[in-house]
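What follows are several structures.
Two complexes, one shared chain (chain A), two partners (chain B, chain C).
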Partner chain A sequence: MGTVEYIQHHLTNNTIGEGFWTFNMDTIVVSFLLGALIVFMAARLGKKLETGTPGGFQNFVESILDFVATNVRDAFPGHNPLIAPIALTIFLWVWIMNFMDLIPVDLLPYLYQLITGDSHAYLKVVPTTDLNTTLAMSFTVFALILFYNIKIKGVVGFIKMFLFHPFGKFFVPVNVVMTLIEEIAKPLSLALRLFGNMFAGELVFLLIALIGGTLAVGAAALFWAPLQVLLDLGWLIFHLLVITLQAFIFMVLTIVYLGMAHDEGH
Partner chain B sequence: MSQSDKKSPNGVRKETPPALNFLLMGAGSIFTSMLIAGFLVGYMLDQIFETTPIMLMVCAVLGFIGGIQKVHKLTSKLDRVEQTERKDD
Partner chain C sequence: MSINATLLIQIIAFVLLIWFVNKVLWGPLSKLMEERQKKIADGLSAAEKGKHELELAEQKAKEVLKEAKAQAQNVLSQAEKRGSEIVEDAKVKATEEADRIKASAQAEIEQEVSRAREELRKEVAVLAISGAEKILSKEVNAAAHNDMLEALVKQI
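== the complex of A and B ==
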């Protein structure tokens, strides 16, 4: 298999259906399983909570909860009991979906190909390298932004925001288009940033994997194989930072955008 | 997070919540997505009013202006943070 085919093969989703109704099954199944994993772990931990001195895992989860709660308190004006759980869910889910990036790029597709017996079966294991996932999440956030905009400001206030927002009352048509652009840019920037970062990260992992695949032939392997290990380790450590940062940014921006929707004086 | 946050947690933090730093980090993607959103809205309006390609161009320019305006607004907040830091020193 050539290098181009290798990369293309890894970046193609396992799909069902055609045209508009194409379902990326690997994205759906993996993200659902990871979500279920979070729910399962949370439920298991919830059953045996200790009030005295918590164990290691409980301590760890409590520190994450604390971290998210601090961020919500800092970035969110006013009070809404829904925001912190949303922020926590987004942070954990995005993080664990991003984490799939750190599993060796060929491992899960190879296992899948062994199981199905089809040596050309596609499997893209990182849900966040699929634009559909990130757009779905950001549109959910967008729906919440619209909902709270209308709920807090009222329908009249919401329309006023569209009519008079950036340039005052003499440029109403421009204002409408401008606010429309501004609102649409919010979910777009959320989705594209996460997708772009994860996709690029995955691509770099694939390129590093190719070092071993194409160059390490015969005695050259003595040089290229250790280099691949070194590069992979370096990128993995750096990427661990990136996935955490991306999950964190997605969470913080969600809080900030929802905070803007709650801000009446805007 | 800036040093002034640690020095006076109540006073300065209200003006510059730490989340702002992450908004700043996204300034680049905010700018590009404003441009993309401009194109999208323009395309949509063109489809509705059958004015291809006038609205697309107008909205792209508007998105560009809006993007610059937003980035400018974000970075001018940074100026304020620096000023308060200088006062603290």
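== the complex of A and C ==
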């Protein structure tokens, strides 16, 4: 199997259906399982919550909650009890989906191929390297932005925002175009940033994996195999930072965008 | 890698997950954390209050102690005064008693003296009469000269 084929194979989804009605089953199953894991852990924790002296795991979760709550307080004006759970969900889900990136790139596909018996079965394990996932989240956020814009400012206020912002009433056509771009850029930048980072990260992991796969033949393996381990470890540590940062950025920008939607004087 | 119906599924998944996280994780845990924060704040204020009360009690105890000391001092000085009074009183009484005893003794002595003198006088009278009898060798009529003798006795 050649280098290009190897990479392409890894970056192809396991699909069901045709055309638009194609379902990326790996993305859906993995993201659902991870979401279920979050809910399961939360429910298990919820059964033995302690007010006085929380144990290790509860402490850990509480510190995450505190972190999210602090960010919401800092970046979100006013009060909306829905913002913090949304931010928390984004942070946890994105982080844990990104974390799939840190599992050795060939492990899960290989296991899957073993189980199905099909040595060419596709499996793309990181849901955030699928644009559908990142766009799904950013579109939901976008829908919330529109909803709160109209709810807080009213329909008239919302239209006014398009007509008279940012250049005042003498540049109405320019304003409409500018505001339109500004608003559409929000969900697109959210989704594409996360997708791009995770896709690139995955690609680098694949390239590092290729060192061993293609170059480590015979005596050369003595040199290339340790190098692969070293590079893999380095990128893994760096990527641990990246996945957390990306989850954090998605969360904070969501809070900020929703905050802007709540801002009446805009 | 193209956008397809997966998007719709993921939107549903995302919304569902938000609902679940809110219900299972954020709701109970944030409520608990808020309660704990309130409890800690209450505890701190209670501790502050307790400290304040302790200070007050200490101050009060000090005052009571001071008062008790003053009272004890007062009682002591009063007792001392009373004691000296009693001693003085006893002294005065003793002096009076002594004076009285002395006076009565003196009176008794005087009485004794006068009685002795009376006795003596009588004996002297008898002696004088008997002497005179012997000198005169002649019996003097006691009855006849009684007046004279009485006068003599008085003169002695």
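Worth pointing out:
Criterion: the second predicted complex is superposed on the first by the 266 of 266 C-alpha atoms of A that agree within 3 Å, B and C clash if a C-alpha of one lies under 4 Å from a C-alpha of the other, contacts with A are read in each partner's own complex, and residues count from 1 in each chain.
What we mean here is this: a residue touches a chain if its C-beta (ideal position, glycine included) is under 8 Å from a C-beta of that chain, and two chains touch if they have at least 3 such contacts.
Just so it is clear, the model here is predicted, and its values are computed rather than measured.
By the touch criterion defined above, A:249 lies against chain B but remains apart from chain C after alignment on the C-alpha atoms of chain A.
Of the two partner chains placed by superposition, only chain C is touched by A:39; chain B is not. When the two structures are aligned on the shared chain, A:180 is found in touch with chain B, with no touch to chain C. By the touch criterion defined above, A:142 lies against neither chain B nor chain C after alignment on the C-alpha atoms of chain A. Look at A:24: by the touch rule set out above, it reaches chain C but stays clear of chain B. Of the two partner chains placed by superposition, only chain B is touched by A:193; chain C is not.
Between chain B and chain C, the partner in contact with more residues of chain A is C. Of the two partner chains placed by the overlay, neither chain B nor chain C lies in contact with A:205. Shared contact residues on chain A (touching chain B in one structure, chain C in the other): none found.
Here chain B touches chain A in the complex through residues 13, 17-19, 22-23, 25-26, 29-30, 32-34, 36-38, 40-41, 45, 58-59, 62-63, 66-67, 69-70, going by the rule given at the top. Interface residues of chain A facing chain B in the complex, by the touch rule stated above, are 71, 74-75, 166, 174, 177-178, 180-182, 184-186, 188-189, 192-193, 196, 248-249, 252-253, 255-256.
Residue ranges of chain A in contact with chain C, taken from their complex: 11-13, 17, 19-24, 27-28, 31-32, 35, 38-39, 42-43, 45-46, 49, 51-52, 61-62, 65-66, 69, 82, 84-86, 88-89, 92-93, 127, 130-133, 135-137, 139-140.
Per the touch definition, chain C reaches chain A in the complex via residues 1-11, 13-18, 20-22, 24-30, 32-33, 35-36, 39.
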